[in-house]
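Everything below concerns the one structure shown next.
Read from first to last, the chains carry the letters A, B and C; within each, the first residue is number 1.
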Amino acid sequence: PVPPGVLPLCRQPPLWGRAPHVPPGLRLAPRRSFSNNKILVELDEGSGVATMKFKSPPVNSLSLEFLTEFCISLEKLENDRACRGVIITSTVPKIFSSGLDITEMCGKSTEHYAEFWRAVQETWLRLYGSTMVTVAAVNGSSPAGGCLLALSCDYRIMVENPKFSMGLNEAQLGIVAPFWFKDTFVNTVGHRIAERSLQLGSLHPAPEALKLGLVDELVPEEKLQEKAVAVMAQWLALPDHARQLTKSMMRKAVLDRLVAHREEDIQNFISFISKESIQKSLRMYMEMLKKKKS
Amino acid sequence: PVPPGVLPLCRQPPLWGRAPHVPPGLRLAPRRSFSNNKILVELDEGSGVATMKFKSPPVNSLSLEFLTEFCISLEKLENDRACRGVIITSTVPKIFSSGLDITEMCGKSTEHYAEFWRAVQETWLRLYGSTMVTVAAVNGSSPAGGCLLALSCDYRIMVENPKFSMGLNEAQLGIVAPFWFKDTFVNTVGHRIAERSLQLGSLHPAPEALKLGLVDELVPEEKLQEKAVAVMAQWLALPDHARQLTKSMMRKAVLDRLVAHREEDIQNFISFISKESIQKSLRMYMEMLKKKKS
Amino acid sequence: PVPPGVLPLCRQPPLWGRAPHVPPGLRLAPRRSFSNNKILVELDEGSGVATMKFKSPPVNSLSLEFLTEFCISLEKLENDRACRGVIITSTVPKIFSSGLDITEMCGKSTEHYAEFWRAVQETWLRLYGSTMVTVAAVNGSSPAGGCLLALSCDYRIMVENPKFSMGLNEAQLGIVAPFWFKDTFVNTVGHRIAERSLQLGSLHPAPEALKLGLVDELVPEEKLQEKAVAVMAQWLALPDHARQLTKSMMRKAVLDRLVAHREEDIQNFISFISKESIQKSLRMYMEMLKKKKS
């Protein structure tokens, strides 16, 4: 039975209303594979499993363009009856995703900040609330927003390389993870581990990420794809409807919290990110990254 | 001190009002042992410990009759000053309880569904909110509603046989565990393990049940009774009043949630279970069980 | 970005308003070290780390005088720009703190109970909500209120001696931990471990305290100070502002709950502690302690 107040995560329209920034013309009919600028999507119609491959070097940073493509791609799959599950992975060596693109948060207009933040929210609402089975095949480091993407999936498999790390390291940059990043983190690892990890802005190497429960298992890199497919098959063995209602029951409270505070959260982001002290520390961080790069 | 808004779980009447389906004539005076059709109850007045033995072969399924007996027996013990603790176990080999009786949910009237579901609710409210110390001596498999009974106790000891498994496997049958099954599960193993286990409808073999925290310890079958008695003695060493107030403080939020949504939950159950697609999948499941049996 | 409804834990005034029992004359200018009757405070202005040493033999019990000193000392440090972190430890061998002073709860006036309980609340609000990094260097046993002090810090290091134990053992004394003790416990170890430990009034020896997550690590006694300093340095490497906002995000819900129910909680304490049955069991407990001592 459906618990009171719990609505199913539904395909069309999604729980949180339609994404305002997805141009209707881009809602294509389902097809076997489509590639945009930043993400390659392949759908195996036999198994009903799509793979979304991040292909935005050097570090798959989550720019407004990337997030928009991500939302469009996910919506297409969500509406495609041939698709029941999505595997998310990266084609960039050593990096799953480096998280939010700092250039989107630096020296831009208030309007730009609002648009960008809405896209970040939309991405999480769609992925954390997806009716499809979502598996993260984490084949590289995954800080901040990259970690959020992985945590929003139903299952996480990480390459066992201890050089790859994962975590919400916002505090290291002098910024604060939004409450819904935190809620997602707490739902995954519990309150105490979250409290410590978020305050320290920790990036946990793969073995530690497994120990803390940030990921569900580690595999050698060459086994990652195979393992993701096997896990997906296990989850797809369940009847969709019962699995979806159960997922909604587990995640709806936290999804609803952002939906209820969405505009407020955007205003908070804008006022925080517009502070001169925050802008300065982000500029310094970017300088450091540039020097490191050259 | 009593935290605000937390009332003690009290003996008479229970927090959630009197059970509507317990005929007053059946509220017998306390005695050393009483046996109904489905459950044998033995009370050791020396130690103050009762044992409720499920004796409803082949699988101790939770029929309306079973649940009614369970509630009556528990109420008798609850009101019996000689009784401070209850051990729940099974006399049926290899099965603790197979969960809700599917025949009660298949091809029956709306009134029957309502009566049955109220009995399921009542069972959980009485057991999860019992003022007595409750210990589950799990000597067989314990899926779905059987798992709920075990999770509603204060402590769970399971026979270490890996052929015995436990879990809320509703999703496997195409149905969804009610929110209060989920709340009980989350309170026991945390959000992440619950999210994964409930979506997959997993049945965890005893060693895994221990690892996940579904049970508190494993023992060889021949040590089960002895262990249950020892654990009970440890819990009964505490002053009843302080222990009861503490138990209430930990469980009241989740109990109150069902009490507040009880009629809604019944209506949800009825409309869900009355769907032709659900009826069909339950009929198929029963056919499968029959074939397996013969 | 700051999540909606989450205010930073701020230095002056603290979130929960000013402490009514701190005489303004005692708010001294910062200095290197100050000692009152019960607590010695040393501030290393170079590192910005203060150490608060409990020096109230025989067992550092939390009397009204002790708690008042604690709040005054913490407020001084909180308002001192030279101080960013506090290490809490004991100078009394084998005891961190034995918890609330039972003599304050026995045979006193209603007014005294109210004043005492307000000081207990104030202590927790200030410590759990401190903007500073707080590290408990637990060098002895730490039952009840002593455990609460440790759990309210950001990090807990305990001496690995299995004779030292920690827990909320109120139920053993026939009393009940207040809901905010419980909330703090649950935030540290999760619901299930809390439910069991609080009902049994368990005191967990150091190795078990580590296993359950009550403390973060164990060290040999001679390494305790060094380890506390190293952990503090790790936490102080983070920008204060981001760390403080993150801490607030994690702890504010639970702090707010007491703030909202503070007077009610005091009334509950008074009516509970004034019961003759409770007074009797506390007197018996004190008798037992006296006999044990002599």
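General remarks:
Quick note on the criterion: a contact is a pair of C-beta atoms (placed from the backbone, for glycine too) under 8 Å apart; a residue touches a chain by one contact, two chains touch by 3 or more.
Bear in mind the structure is a predicted one, so any value in this text is a computation, not a measurement.
By the residue-number overlap criterion, the interface of chain B with chain C counts as different, with under half of its numbers used by both chains. The rotation relating chain A to chain B, fitted on Cα atoms, amounts to 120°, rounded to the nearest 5.
Mean C-alpha position of chain B lies 38 Å from that of chain C. Put simply, the C-alpha centre of chain A and that of chain B have 38 angstrom between them.
Touching of two or more other chains is recorded for residues 190 of chain B.
Remark: chain C residues 117, 170-180, 182, 190-192, 194-196, 198-201, 261, 264-265, 268-269, 272-273, 281 touch chain B in the complex.
The part of chain A that touches chain B in the complex is made up of residues 1-6, 154-155, 186-190, 213, 216, 234-235, 238-239, 241-243, 245-247, 249-251.
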